[in-house]
Every structure is written in structure tokens, then in C-alpha cells.
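Take a look at these structures.
What follows is chain A paired twice: with chain B in the first complex and chain C in the second.
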Partner chain A sequence: MLDARNQGWIGRQQAPALGPPPNGPSQTVREACLGILGCLLILAGPCLHAWALAEWTQPNYSVTVAAPLIKTGDVQSGSAVLTLNHDGPVTIQVAAASSGSEVLNSSTHDTLTTSYKLTGPALSNPDSEWVPSATFVSPATSYSIQSIGPASQLTLWARAQTAAARANDSGNYTASLVLTASW
Partner chain B sequence: MRNLRFAVLAACLLVPSMALAGGSGTNTTVTVNATVEQFFEWTDISPSINLPNFTASNQTKGSSVLLTVWTNVGATITPSVTDGKNAALTKGTEVLTTEYKMTGADLGGTADAAWKGSGAGGAFITANTYTVQQAGGTGVYTMTMNAQATTSATKANDSGDYSCQVVLTATWS
Partner chain C sequence: MTGLALVGAVAVLAGPANAGLGVAPLKQELNVKPGETAKFCISIINKMRGQEDTAQSARLEIMDFEATEDGGLVFREPSAGPTSASAWIALGKSEVTLGPGKDERIECTVKVPYSAAGEYYSAVMVTLGRKSRTETGVGLSLRIASGVFITVVGQTFPRQAKIEKCEFVWPPIASLSDLPKEGQPVWPEATVVLKNAGRSRFEGFGTLELIDANGRPLFRKPLLSKRPLVFGGDSRLFKCTVDKALPAGEYKARVTFDYQSQWAKAYSVAPLTISADQAAMLALRVRGAAPSKAASAQATLRISPDKLTAKVAAGGNRSLGLSVRNTGQDLLRCTATLVNEEDASIPDGWIAPAAKSFVLERLQSASLPMAVRIPPEATGIHKALLVVEAVGPDGTTTQTKVPVELTVAELR
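Right after this comes the complex of A and B.
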């Protein structure tokens, strides 16, 4: 006994020039489609998390050490709040924007002892102490956010210290970091 | 069959794009700014020069102290006095003839080539200045303050300790 679908299949076999059967695809075609979709899901499963998104709310941030350094061994710090929109766990890695740029540097190529901290409630491993600049941008250093957002606020702290036994050149010093959030 | 073709086409399109999406990252660049102001520091704010003991009349003895400064500005150093002795070694009413000379390459052409006298109107404490020859990236400079004193040629000065103070003030604009 044929059901309606089999009748359609038979009908299409009998009259191929007439186009798709009036009753829609046969069960076999439907099963084939479902099979392919299943395969797709299986293939996509490991990649589903890759569809997650993360985005810094600003392409550029600035940390200003507001108080000037006025003597040898002087220490001053500043901070900025960075906002990351994300819908899944992310890992944050810090790198120097260019070689050596993690260190506060003057136009006369004088340098200040520079250290950093990255803090925020969203971080699984926030810094509790100042991290030397070289360590801060080391590939071995990373920060993790396990939450799924939607927005996490991080505070980047920078600390500048003048030399203990000489006067650093007067003027402005700058450093530049790149924070990369990966998912 | 049309649906089947569409599904296969979708699979072909989606699988590579999903693979490409893995390991994505987003960057932000942070600039850090700090300012170092001009400053000048004496590493020793109360250095002393101790002359050897005098044992005869008309005797000259001298000594010196190396002064180190940490500065990032070409400051002007001005000697002055505050103790009323006019930079002359004094004990009560007794006074030894006292002279000074500031030397050192870091003072450049302002360094003394000869001794300068003290006392009221003495060259060392009257309109006398020195300039630190500051250069970027250095931050440490030295100068030598030389002092010498001479006992009276016509009498024996009182025995005992003689002292005076000189204030060196650094200024810059």
C-alpha cells in the first residue's frame, strides 16, 4: 500500500518532465537533507564557540599618569577603564605595540621604570601587585575572563618611576601596548 | 532535489567559514603618558670640608669636597652665606683668610681657574655663579668645591676650631 508520499515519488518517476511532485519532496529527500544538516551540526559543533564575538568598545585607550615625576626615585601611577563586549569566555594577551614600547620612553630615548596591573572583577586572574613591563607583555602572561559578558570592564594601571641615582630627562614619556582579546 | 542541492551548497559554504572563524581576536591599543618635570637634587645636602690642622703662622692648608647633583636642567648655582661669617673661617673674633674655588668639567666655562676670596664683598659670595652643563640622558653631574685657609702672617691665631657656612643654591627657569 502506498501512502501519499510514495504516490508522489512514483508520480515524479512517471512524469519527470512535469517538475517537482505536487506533494513536496519525498521522505528520502527529506531524510537526505536532515542527514546533511546533521553532519553540518556535527562539523559545526566544535566551531560554535568560534561564533562568539568580543570587541573592545574603543580601538584606542589612554592611560595618563597625571602627577608629574619631580625627583629621583619618584613613583606615580594612573589608570584607565577598558570595556570589552563579549558573549563568551575570552583570553587577554598584552603585547608591546612596537619593540620596547612597553617602557615609558622620552623623545631623548630616556626611560622610566614602568610597570602595569590589569584588574577587574571579570578577570579570573587579576594582578594584585605591579608587574614589571617586560613580564606584563611576555607571551607567558595572559588574563582570562570566564564569564559570557555581555560587557566586562577592566582597569589597566600604569606606574612610572624615575631613576634612583640620576635625574631622568625632563619632558613627556610615552608607552604603547596592544591588548588582544581572543576567543 | 532542489532542497538537497541547497543543503549541499550550504554545507560547502558554511564549513570553511566556520573553520576560519576559530581563534579570532580583537585588539585595542593603549597609550601611556607620563611627565618628568625639571628638577635638581644635591645628593648630599650638608657636605663639609675639613682642613688639616694649622701648626704655624702664615700657613696655608686646603681641602675639598666632591659635590654630586642629579639634575635634568642646566641650573645656575649661586654661593651665599647665612651665618654672618661671610664664608670666612671664624672663631669668635679670630678669622682665617679663606678662599674658594669651584672646579669640574660639568661646570664648563663657569668653573674657577683661580681662588676667590671670602669676607665682606669677597668674590666667592658676591655676584658669583656657576652653571651646570646639563645634557640629555646624563642626569648626574659633579663639581668640586675647594677651600683653603691661611693663618695670619703677623701673629698666632687663637687655637681651636674655626668654621663657617656657605649655601649653594641652584635655580633654573
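Right after this comes the complex of A and C.
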């Protein structure tokens, strides 16, 4: 005998119409999108859940830095805005895609001093300062969205700095991060 | 060689606009007897957004996870850890590709060994398939983790909690009249660590009270955590700011935690001294924040409908939902709790709100969905109250009670 709580959606009735009028057009669109998503889930069959969902609205993102780094000690930064649709509190964890990949490095294995920050009005603990790359991807660093959506915009900032006492190799520098949204 | 490193304007080099994937649910709970097999589903959704939408792919895998003290989650490759359920779970699919507007339910099975007892956890990690294409800068891959919480029915383990630490951190008092610089703390902060000393997970709901030398409670505020759920053996950080003017003197800081035990709560009492300088700083900062406090006093939570009723077949499932709106100008921290009335109560596990605690920004509205699952043997009418408590930034608490009535119809 098993008891799979929250497992199925056998009932045919949908949740009651929810919510007073939204605040503005963009919110209307977002709420409508989540509503459609919820309806899809309810109608889709016995194993679906009409709640507790999260959706990245892009399959991936990239952040490029605004201008070339010319001389020693140069600093440049860039950002990307990420949209996460959700209907419950969400935690965001950042990790390096592979060991050391949080640091901007070149094909010659030269590296730039790399730092990040994650900001956004929905975050309960946005970064106010640049965070060194190792700290940013450490398991102890996580970001919390305690609101229940329907959409939260996050801005990921990346900053690159050339070495102060030597010239970096010329070329393109890349880094790879993984952002995980969870319950 | 000089450094000529990163080029290009700030840009988001993603694929076609609005082409991501959704995952539901973000967590689910299974009660399974030792030696039995249960099924559960993960849904992947490629929502239709426009004519230029394309097919999207995702990779699924089982991962272990553990929580950090501040509530973050760390995902790892499956192991034979004492609370890992990864070895018991088989995914119906490890890769999925969905056209625009399509969704797919992936059925998974979990086979619990005869020897298992207690609670086990794992996550289904959904990695969005397309890799970032950046040639310079930072490429981001995106994942969504769906938690699977398995309780092995039979042996039960009591919930046990203890308060490990209660500390106060005061902002530096350089000059009493100086306002803190950006990024500096404005208010003193209480930091409490709650330890789950047992094997059963629980959600912790804590309160800090400051009691003066005459025994009068002068300050009371909820303690908040990024993740109130504390797994067996874990410790969790809870915090609150002391944002009320308090006279200098000796206090007792009393911390009380409800950890979902019928029998006990966790308590701790520690002495706290507020110096004359600290009292003066609190008074100044409270005066500086006065307009915000006046606004928050008027903050209210509007909830509709004012009653939830549903007819559900025995053994059936359905959804219920509430709309909640913060009509005030300040952020509200809310908790939703199902409280049973004396007769005809709704048993534990029948109703699961999508979020037991959440935050509403000023003037924000949101839906609070609830999953209802009725056991096959159930009958009759069952009633409870859904209590939604909203706490403003000044600690002002408002409570709204929504009656919930479930009529269970027999299966024919």
C-alpha cells in the first residue's frame, strides 16, 4: 500500500478564479502565463501538479563584459537579466559548471580576477557588493525568493579585472556557471 | 603581451526569446511501506509564447542534496548517504524534447528496501538542454531541482529540536547621529541556530521576545529563515532585526520554537544588556524609520474567497486556491497554517499548501494553491481553518482565518 501525497490530479474542477485585478499590464501578462501553465497541468492528467512550479524563461544565458580590458588593473563588468516564473518560494544556488570554471580564463589558461553579484527586487538577500568568484559559487552562498511569484527578475553581474602586476595574455576569456532553482 | 581580454557590448546571448522550460512540482512527498514500490511524476512544460518558439530539450538525473546552515541546498552525485533515496528511484526518462506548447509527465518509480525506516530525500535535477554559446564572458546553464521526500511508513521517529545559539549583532556606533552607509546594517540582528536533534524533518517557526527586568515583554518578533524546513541532524539559521526603541537595561531574550511536535516546543532564555548608546541608537533609527512604520500599521492582507468548500471523491485529488493581496505599502511576511476545529477535523496530509511561508511585496497579489488528496477509506464532512498570518516590518501581526470544508463523496 502506498500513499503518494500530492501525487495526482484526478479531480476535474480547477482552482477557483484567483486574485484581484493585477497591478499593471506586464503583471497581467505574467499572471496570465502562469495561469495558462497551471491549467495545462490540471488538464493534463492524473500525475500532474497544478502548483509548485518553476520555469526559466530562457534555455540559457550569457553575460559579456562591456569593453575590452586594455591595461593592467583594468576592470569591466556586464550583466544579464534572468526571468524565473514560479508560484512558491524558490531558492537559487550558483555553482561552477566544472572545477574552477567560475573564473574567467583564456585558452592559454591565463585567468582574470572574477567577481559576481546577483541582484533583483524579489531576492531576500541580494548582493550589495561584488562577491569573489570562489565565494559566489560556494555551497554556503544561496539566494532566496520568498515571494510566490508569479515572475521574478534576477540580474547576474560579472566583473573582470586584469592582473595589477603583470600583463594578461590577449584573447577571449570565458567562465561557466550553473544556476539551479529549487524548492 | 598586453591584456586584451573581453570584447563586445553587454548582451544576453540566449536562444530564441522566451523559450525556456518549466518543471512541476518543485517538491513532493511520498509515504511508502518498506519493501513496496510507489510511483510519482515530474512534469516538464514548454509553454507556448509565440510563433517563433522552438522545441526545447532537457536532461533528467537523480541527485542527492543536503542543506547548509543558512538554508541553501547543495546538490551532489548520488551516493549511499544515510538519508539518500537516490538508489531507490528509477526515472521513466532521462532526456526529453518538447515542441512549443507541449508538456510531458515523466513517471518515476521508487522501490523502498525492506530494511528502510524513517525519512529519505533526493532530487530530480532537470537541466535545460541547450548550452550557452558565449565565446567571451560567462555562460550560464540553467537547472530546476524537484525534491522527492520519502517517508517510510511504519516506524515513526519523534521530532526533537534544541536551540544551539542565540546571539545579537549590533551595528557599529561610530556617531549616534550618523545614518548607516549603504550596505551597512541598520538594526541590531538576532541570530538563532535551531538544531534538529532527531531523525524526522520539521518546519521551525520561532519567535524572539525581549523581556525587561520587571518581566514585561517589550519586543516580540518572528524569527525567519531562508528555509524553515530542517532535516534530521541539520542545524538552521533563523534571524530577526530588533527595530524597536527599547530603554537601556538588562533583558532576557526568550526564544520559542514550534517545531511541529504535539508534545513540546524548544525554548531558550539568554541575558541581554542594552547599553545607553545602543538604546539611543535604536531610538534615533526608529525615529528615522517612522513614516514607513506608520504606513505598515495600515498594511492589510486581502484574501479571497472568504471560504473554501470542495466536494472530493474518496481516494481522489483536486486543487484549491486562495488569492492573497498585500494592500499596504510595506513588505509582509506571511505564513499559512491549517488549524483543525474540534469536531470533524481535516487530518494531516489531506491538504498541502504550495507554500507554508511566503513574502508579499507592497501591493503584490499572488495565488496560494493547495493540493487536496483524500484517502480511499475517508467519508463525511471535514472542516478546518486556514490561518494566514501576516507580519509587517514593525512586527505588527494580522491574522485572517479562512474556513475550509471538504465533503468526501464515496466512490461508486
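Keep this in mind: the second predicted complex is superposed on the first by the 132 of 183 C-alpha atoms of A that agree within 3 Å, B and C clash if a C-alpha of one lies under 4 Å from a C-alpha of the other, contacts with A are read in each partner's own complex, and residues count from 1 in each chain.
In this text, a contact is a pair of C-beta atoms (placed from the backbone, for glycine too) under 8 Å apart; a residue touches a chain by one contact, two chains touch by 3 or more.
Please read all numbers here as calculations on a predicted model, not as lab measurements.
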{"item": "Partner chain in contact with A:Y173 - chain B first, chain C second, else both or neither", "value": "both"}
{"item": "Chain B versus chain C as contact partner of A:T64, first or second or both or neither", "value": "both"}
{"item": "Partner chain in contact with A:E129 - chain B first, chain C second, else both or neither", "value": "second"}
{"item": "First, second, both or neither for A:V81, with chain B first and chain C second", "value": "second"}
{"item": "Contacts of A:L104 with chain B and chain C, given as first, second, both or neither", "value": "both"}
{"item": "Partner chain in contact with A:S147 - chain B first, chain C second, else both or neither", "value": "second"}
{"item": "First (chain B), second (chain C), both or neither touched by A:A181", "value": "both"}
{"item": "Touched chain A residues, chain B compared with chain C", "value": "C"}
{"item": "Touching partner for A:A165 - first (chain B), second (chain C), both, neither", "value": "first"}
{"item": "Set intersection of chain A contacts, chain C complex versus chain B complex", "value": "20, 33, 36-37, 40, 44, 47, 50-51, 54-56, 58-65, 68-72, 76, 78, 80, 82, 97, 104, 106, 112, 156, 158, 160, 162-163, 167-183"}
{"item": "Contacting residues of chain B [partner chain A, same complex]", "value": "1-4, 7-8, 10-11, 14-15, 18-19, 21-41, 70-73, 136-140"}
{"item": "Complex contact set, residues of chain C against chain A", "value": "1-15, 17-33, 36-41, 43, 45, 47, 49, 56, 65, 68-75, 103, 105, 107, 123, 125, 128-147, 153, 182-183, 226-227, 302, 304-305, 308, 310, 312-313, 316-323, 325, 333, 349, 352, 354-355, 357-361, 363-373, 375"}
{"item": "Chain B contact footprint on chain A (complex, rising order)", "value": "20, 25, 29, 32-33, 36-37, 39-40, 43-44, 47, 50-51, 54-56, 58-65, 68-72, 76, 78, 80, 82, 97, 104, 106, 108-110, 112, 114, 156, 158, 160, 162-163, 165-183"}
{"item": "Residue ranges of chain A touching chain C (in the complex, touch as defined)", "value": "1-16, 18-20, 22-23, 33, 36-38, 40-42, 44-45, 47-72, 74, 76, 78-82, 85-91, 93, 95, 97, 104, 106, 112, 116, 121-122, 124-125, 128-129, 139-142, 144, 146-150, 156, 158, 160, 162-163, 167-183"}
